[in-house]
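Labels run A, B, C and D following the written order; every chain starts at residue 1.
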Amino acid sequence: MKIHEYQARELFSAAGLPVPDARVARTPAEARAIAAELDVPVVVKAQVLTGGRGKAGGVKLAADPDEAEAAAEKILGLDVRGYIVEKVIVAMASDIATEIYLGAIVDRQSRSVLLMASAEGGVEIEEIAKTNPAAIIRVAADPATGLASHQAREVGFKLGLDWPQVRQFDSIARKLVQTVVDLDASLAEINPLIITPDGELRAIDAKVNIDDSAVFRHPDLAELRNPEEETGPEREARENGISYVNLDGNIGCMVNGAGLAMSLLDVIQLNGGEPANFLDVGGGANADQVRTAMEIILDDPAVELVLVNIFGGITRCDDVAKGVVAATQELSRTVPLVVRLVGTNEVEGLQILEEAGIAAHRDMVDAVRVAVAGVTA
Amino acid sequence: MSILLNGDTRVLVQGITGRQGSFHTNLMIEYGTKVVSGVVPGRGGQVEHGVPVFNTVAEAVAETQPNCGLVLVPAFAAADAVDEQIAAGIDLIVCITEGIPVLDIIPVYHRAAAAGVRLIGPNCPGLITPGDNVKVGILPGQIHIPGPVGLVSRSGTLTYEVVQALTDVGLGQSTCIGIGGDPVIGTNFIDCVWMFQDDPATEGIVVIGEIGGSDEEECAEFIANEVNKPVVAFVAGRAAPPEKRMGHAGAIVSRGSGTAQAKIDAFRAAGVSVADFPADVARLMKERMQG
Amino acid sequence: MKIHEYQARELFSAAGLPVPDARVARTPAEARAIAAELDVPVVVKAQVLTGGRGKAGGVKLAADPDEAEAAAEKILGLDVRGYIVEKVIVAMASDIATEIYLGAIVDRQSRSVLLMASAEGGVEIEEIAKTNPAAIIRVAADPATGLASHQAREVGFKLGLDWPQVRQFDSIARKLVQTVVDLDASLAEINPLIITPDGELRAIDAKVNIDDSAVFRHPDLAELRNPEEETGPEREARENGISYVNLDGNIGCMVNGAGLAMSLLDVIQLNGGEPANFLDVGGGANADQVRTAMEIILDDPAVELVLVNIFGGITRCDDVAKGVVAATQELSRTVPLVVRLVGTNEVEGLQILEEAGIAAHRDMVDAVRVAVAGVTA
Amino acid sequence: MSILLNGDTRVLVQGITGRQGSFHTNLMIEYGTKVVSGVVPGRGGQVEHGVPVFNTVAEAVAETQPNCGLVLVPAFAAADAVDEQIAAGIDLIVCITEGIPVLDIIPVYHRAAAAGVRLIGPNCPGLITPGDNVKVGILPGQIHIPGPVGLVSRSGTLTYEVVQALTDVGLGQSTCIGIGGDPVIGTNFIDCVWMFQDDPATEGIVVIGEIGGSDEEECAEFIANEVNKPVVAFVAGRAAPPEKRMGHAGAIVSRGSGTAQAKIDAFRAAGVSVADFPADVARLMKERMQG
């Protein structure tokens, strides 16, 4: 689960991280008022659930309330990687002597919370990873005991900080790792962590992603979920235990199993088609779930045809067939169906489809070719 | 021969009276697996599918001497269940449960590693050795036949797809393992490929990867250096958009890393044949094993 | 650091442990008022920093406010193992079906937080350890991750609890271990943990000891320190970094090093004398500390003679000698001195003593014999 | 010969510029110890008693290859210092610091054990091997002479008392170790007695215990079963009242357990000679070694 910078800043503040004052504005007038109240040069920053807002013109310095209003005017409504800016924050601008990248992530390889730091702050970490991987300092923290002070100091000295700066860095790095642990975050990032000309460290940006599997035990974090993170169908799918990702094509896909669903998309592309979605209806799906999944797929007006690809293991083919038939009969919108159905109770399933006048394939690649021909015809 | 499982495997099922636990215990027993005990706190003394149920793993171990534990309990209780099996001395643990908070599984992983316990999963379908009629987990037994191919995969149904294709061309399986679709899992590709390389009954190895992480790349390097048996791979997710979680918690192209193409390239560079679509794995393996 | 039951109950309540309502009374009238307000049968319990109050008559049931007042009347002022009762608590009485012992301690052997439980509750754990050691169930928790739920369940089932009780026990046991970890306690104990006839688990008593070395980082706990835990000299010693324990004899002792100080007491007793105190002036003690230590020793009016036993390693004999001489000259009270001084700068030290007219021994046993003869003469 | 220390011991001092650190570094160097580096964050680049100071242990290890680390930093920072030395790969760590919260040292102890690191202390005077002119810690060098007696103790000054008595009767020491007066310590009596039993240069073993815990009792049992060299013990605290902490955090008779008498009885039952007062250890050892 992704949250906005302003939400992450509040979590960071609560964790004792040095986050400068900032407030949210939804209109240029609000931005002006906040800048007037802060009465210092400010930064106006787009709040979007994606990176790259700087390059898209979503971050602007403003010396006075007039400039802040003008900046907000330009930023609100911007399209940043497909997200429309609806909110900005107006934050105290800081004098910057040095910019550091600092992030804590749950790391697959080391099975730990990994602290990553680089003296090349302000740039996205994947950029640094590409251009100068040696500039990234990594240290693995034991999530049970947190980052040790000596680990933080070592990173601080490697960043070239002096001792008063290392002491601040020690506290910040340990709190950032603890934030990951306490919030079940998969990532907590400060980019840039700046050093002012006076030698003070400040978190100028804030980013937190929460482990979706752990949201259930953080009711306060669950409330931070932003509607724009998901499309309507994505939300409906999540609430029904279905994995669904909306894509740009016209072939609706219903599959049991994430790996099989991914490879169906691959095979569609390989054959010149364009999938409209990723959908994993889950293991052991019953007729109701299949019907709901079909509803979600058909909610996308771009869908011209639905391709059902089921390999029955725990999932029973007859259950799937019943759901498919029910959906075709009950849903208002109908599109052509291509079905591939094999595995547990395959015979019974095929029988049900046949009775409803739906033909089925045994081979996945065959089914894909028919589907692609169906939409391009 | 095979890896991890054999005719002496004695399975304890944690969560045996639950909907999933009961259903799959029955299927495992039907397939031939020796399920010796179940554990559900508060249900000690009951019997499920002829299997005695205990309140704690420690009791079940003392009474029934299992050497393999299956975890089929809800996500909020699953890490604790794995930990209970580690503490009770079980040294092969298969955790099927999906949706466990990743920070719950990390300390348990390290405890397992320190205790020399092999943890498979979580969020995996388990493993099966057709030649010994033993399966631990939810893999459908009927599509498998005994034979020389070892298979390791991050995905469930995709595995069945490939297994069906192998079986259709007459290539049976020594052992098939689903290692799980979560970001942090107990056993990775290298662990399994290593075991298959050492297993005399395995003559060819199938690796089924997907987007996210770099396990496939590391496995490719390992194969290049250490494996002389034919290896065929398939990697799902070439069409997946970045930054979107594709079903599995671990299946995400994040910040430009973990793409399918990088994994496919790594496998090819290691001399691994990479299939374009799942069923093609069978054809390629047949070629490699004859060649 | 020991704290009172009523203080421990508050910590337990804050940790979510099921502690029945109770309030503190300093007079019988206050006890009556609390009983009247609770309007149920109550227990009146002495608040003293030691065990054994039950046997001493410090715990009484009271059916109504009259009885509560009478009970408090009898308990206030009682002497329990040398502690005079100044406060009681008046607590809701609970119907008891079963009594369980439950304690969490920092365990030397397993280097862990050890949970101990026994179905023989209400009795002191050392009694159970003597009479029926097999009745104590032990499980070691990793302090970094806390007690695992399965560990708690296993203990609960071994105690013979049914499943609804085990679920309550699981929560209680984990919170008790977490209390040890969070408070840097060396012990947290519920004795008895009772089961009501309705199957509810309740913490009827509460005991917490805090690791003295960790009090510095718990300012809130430091405020709970009770003056009656220490004598005035013990407090003064602690505040000066000196280890001091008041004893019943008449030979004041000043030693550098805890082991040497303990063995001095042993040798005094072995030779028929009675030490007035244990005192470790610390390694590397200087003249000032020696003077303060002498002051603390002489604060005890029972002291008839002071025996100084120094083996100079880091501690320098000349420093000690200066302190001793300063003390004899500046302190109002003078008693005979017996000094044993060897080790670093021994010659210089002996010189200083000699100039002040103080003789010194080289052998510890010789010095002890002279001291014992000095007080019994 | 000796245990733990020898002529190749290269010592890193953490906290070298502190009052205690500087003072004892000087004494160690004067005694003959090879102190190769010091660590104090923020003091990197300085020199103390001719020894280079680094900001981190990792740097000091890379530059100066110590094989032994001494911790002489304040209590609030000491567990972190031990942990830093473990992480940097030092495998003999001596922690002098007194007053470390016991819950700080527990995770560090387990990390040391898992990494195969020997931790001595905390709250101990360190160790000394007179025959190699090497000492790590705060033991006064001048009272020691080389010889055949191995000594292990929970107390500092009491050790000096006994060592002086040994030296006075001509019994030199192979190695003397103070294991520390805290409830949780890295190395206990059994560890040291075991090493002395295996050390060809050690012909007799002195064990100096005190009230609190049951380390002495366990050591006595170990001696009865595994040790054939003469052992003499002294146990401090016969006159100590119950429930009172006698200086050391670990020296407390708590709830009737950990009494001096129980320990003395255990030693006697194991065939260990127990001295009535400290200096008498020397006489008893002389008798035992001649007998």
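Please note the rule applied: a contact is a pair of C-beta atoms (placed from the backbone, for glycine too) under 8 Å apart; a residue touches a chain by one contact, two chains touch by 3 or more.
What you see is a predicted model; the values in this text were computed from it and never measured.
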Item to complete: Please name the chain that ends up farthest from chain D once chain centres are defined by their CA atoms averaged.
Response: A
Item to complete: Determine the centre-to-centre distance between chain B and chain D, using the mean Cα coordinates as centres, and give it in whole Å.
Response: 49
Worksheet item: Between chain C and chain D, what's the gap in Å when you average each chain's C-alpha atoms?
Response: 27
Fill in: chain B and chain C, separation of their C-alpha mean positions in angstrom
54
Worksheet item: What residues in chain D touch two or more of the other chains?
Response: 107
Discussion item. Can you list every residue of chain A that touches 2 or more other chains, as numbers and ranges?
Written reply: 142, 144-145
Worksheet item: Line, ring, star, complete or other: which one describes how these chains touch?
Response: other
Response to the item:
Chains touch in the following pairs A-B, A-C, A-D, B-C, C-D
Discussion item. Considering only the defined contacts, which chain A positions touch chain D in the complex?
Written reply: 144-145, 148-151, 153-154, 157, 162-163, 166
Worksheet item: Across the complex, what residues on chain B touch chain A?
Response: 20, 75-76, 99-104, 106-107, 109-110, 125, 138-140, 142-143, 153-161, 164, 181, 183-184, 208, 210-211, 213-215, 234, 236-241, 243-251, 255-257, 260, 276-279
Discussion item. Under the definition above, what is the set of chain A residues touching chain B in their complex?
Written reply: 50, 106, 108-109, 111-112, 124-126, 129-130, 142-144, 180-181, 184, 186, 211-214, 216-217, 243, 245, 247, 255-263, 265-270, 275, 278, 280, 283-284, 311-315, 342-344, 363-365
Worksheet, complete the sentence: Residue set of chain A touching chain C in the complex reads 142, 144-145
Worksheet, complete the sentence: The chain B residues in contact with chain C across the complex are 41-42, 44, 55-59, 77, 80-81, 83-84, 87, 107
